[in-house]
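Should a chain be cited, it is by its letter among A, B and C, assigned in written order, with residues numbered from 1 in that chain.
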Amino acid sequence: MAAEAALSFKSVTKTYGYSHLGHITYSLGVENLSLEVKPGEAFGLLGLNGSGKTTTFKLALGLLKPTSGQVSMLELSQVGFLPELPYFYPFLSPEQSLRFYGRLSGLTEAELAHRVAHALEAVGLAGQRRRKIRELSKGTVQRLGLAQAMLHDPKLMMLDEPVSGLDPLAIKDFRDTLASLNEQGKTLIISSHSISELEKLCHRVGVLKEGRLVRLIEQRQWRQASGGLEGLFVETVRS
Amino acid sequence: MASGFRRFGGALRGDGALVKKVAILAWNCWLDNLGSRFYAISIIFGIVILYISLLLGMLAADQELRVLLDFGLGFIELMGLAGAVFGAATAVLREIESKTIYLILTRPVSRSQYLAGRFLGLMFSALVSMLIMAVLHLAILFFKGWTWDRAYLLAFVGIYFKVLITAAVTLFLSLFSSSVLTAMIIAAILWTLGHFLPEIRVMTPWARPALWPLAGLSYVIPDLQLFNLRDRLADPQWPLLAWTGYAFVYSLAWLMLAGFWLRKKEF
Amino acid sequence: MGRFLSLALALLISAGLNALRPMPMRPEAPALRLEADCAVETASLFALGLKRLAADLGLIRMLIYYGTPQSHEDHHRAEGWHYPQLGPRALRILEIDPAFSYAALYASGALAFNLSRPQEALDLLEHVLKRDPGNRQYQLYIAAIGFQREGNSRKVIELLEPVLNSPDCPTMIKSMMAFLYKKSGQLDKAVRLYQEIIETSRDSGYRGTAERMLAEIRAGRPALPTSRPPTEPRPRK
């Protein structure tokens, strides 16, 4: 792993194999992916459906193992993850859920009390801390997902479609929170279909196409381009 | 596998954080079971069956207490087993399907810790459900004039060890087959065969080539008849250390295999 | 490859444990006969490791069988015997659970003292004694039945008196002994035994008989003996 990189992929390939009646079918997840995300950077992953965004996240987090190549990342204790659809135990409340995940992240009881309150406040869930998860709306659960990702003050946050299912006001709140976290020095890796969100938040965006990282676009590039990030993205995927 | 043994060694040495995480996961599993309909139904059904046993006992006249004892212990075992096997078969698969496992495995929690926590929570849930039924059963027995016999406690412990072993194998089967139904069916078959091992041995299967697969299987299937003190209340022999060791080592072997399988699993 | 090595290791550990496991008991005899009308149920209970419960259900069926009055036609069909299946049913119970001596004592007592078929009772007891040769109660019953055949009630009392306090002693035997005490003039023993039956027996038929006999003893009138202590008939569905 390079000394400064928060996340590093070195020629990583992931191939899925499906076996049926002795016959194995292979499909490509990602191919020859090489990428480094610097500490403090806000990095976006953009791509069409099935381009390998979620595969990239899962490889980073150890949920998938690479077929070849090497993945390096900070320790899991320093990583916060918000999956595309965060699933919580329906019998717990937001407060209980955060306490559960906080303990698993190694927080002490003293730290928990303060951090849980702060996280709930930050995502606007302080008033619903005691309701059961099963009673909460999708948007509320998404906010709780962000809360659990930032609870243990991680250095790196990986967010898969963080604004999916949120209303416009909630999207703005989310964006402001993420921007604030990045200003505090946290590294953000955001996968999203929402080009405008990535434009507003990220320093750099990687474009995935059919499992390959086909282009890295710096912030100054899309600011200078007439079509913005969207124009550059469309041009990349259609070429 | 070597790293699995190192982690296990860490737990034995009292690695606080490791044990604490397992305990947190176990407690969460217990809370999950508390809200489970199947868990509640198995306890309620067990209570109903104990009530029905009163009717059977009346038919047995002089042997009413024996019938109450046997019926009650038998159904405590069946209800405990049903809850534990269902829980073991669904414990991890359900979390994988619902993706609640993502938020755990993306934290500094190893898959072995996760599995240990789920299993301990499951066995705690089984113990509580069996104890609830046992308390009711004992109340009925004492009301009918039964006097305490140490054999009851030994029978209960034997039942629990059977449930422990079967749940450990079921957990492995669920991860191996990725199917709840398959795991439960095979567990039920193993449960049955495990009680027939003395009969299988009498058949001297090694003497007949056609029975060699059965003979081989008899060395792998857990000998549940060993722990069937419920059926030997008149003469409950219990070499405590040997049989407790058997139950724990057997369960641990299959749990470690389940842990190894889970470590290789992709999500 | 690692997964299969681990599977092999787990199987080896299991096999090793099973090879080393202590075997405190001999397996039961494989020649088990099942009653035709409940073979599936008994086999299922066996499969679930519930042999004692299977024996209990066998006992309940035997008690219902013995408690159901037989018709005149049944009597002739059964080659002149009432309850021809009493002995075989008891034997099947003992095959399932050899420690369930109550079933053998009850059936042999009924055969010898109620149905006047002492040879059948002796055959049953000798069969079960082979599997449980140290069972003192079986030995005493055999001796008592022998003396009963000779009409020696005094010896029967002497032999069966020690087993009255055994937890396996059927109420039927206690009732018979109380009657023998009464017949031989040992009224205080008869009264004590009838009182014990009233206080402890779960069979309402025997309790009723004991209350009646006790009342008659206290009234100073001898009761006429009955051919069989009445039990409430429980016809089987």
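Following the convention adopted for this analysis, a contact is a pair of C-beta atoms (placed from the backbone, for glycine too) under 8 Å apart; a residue touches a chain by one contact, two chains touch by 3 or more.
Just so you know, these numbers come straight off a predicted model, no measurement behind them.
Chain contacts here run in a simple line, from one end chain through to the other with no loop closing.
The busiest chain interface, judged by C-beta pairs in contact, is B-C. Once CA atoms are averaged chain by chain and compared with the all-protein CA average, the nearest chain turns out to be B.
Rounded to whole angstrom units, the spacing between the C-alpha centres of subunit B and subunit C is 35. Each chain gets one centre point, the mean of its Cα atoms, and the points for subunit A and subunit B are 40 Å apart.
The centroid of the Cα atoms in subunit A and the matching centroid in subunit C are 73 Å apart.
Among the residues of subunit A, none is in touch with two or more other chains. Listing the residues of subunit B that touch subunit C in their complex gives 1, 56, 58-64, 66-67, 70-71, 74, 77-78, 162, 172, 191-192, 194-196, 198-199, 201-203, 218-226, 228, 230-235, 237, 239, 242-243, 246, 249-250, 253-254, 256-257, 260-261, 264.
Chain contact summary for the complex, subunit B toward subunit A: residues 17, 20-21, 24-25, 28, 31-32, 34-35, 98-100, 102-109, 266-267. Those residues of subunit A that touch subunit B in the complex are listed here as 58, 61-65, 75-77, 79, 81, 83, 85-89, 91-92, 100-101, 103-106, 148.
Within the complex, the subunit C residues that touch subunit B are 2-3, 5-7, 9-11, 13-15, 17-19, 21-22, 24-28, 30, 46-53, 56, 59-60, 63-64, 97, 99, 102, 106, 170-171, 201-203, 231, 234.
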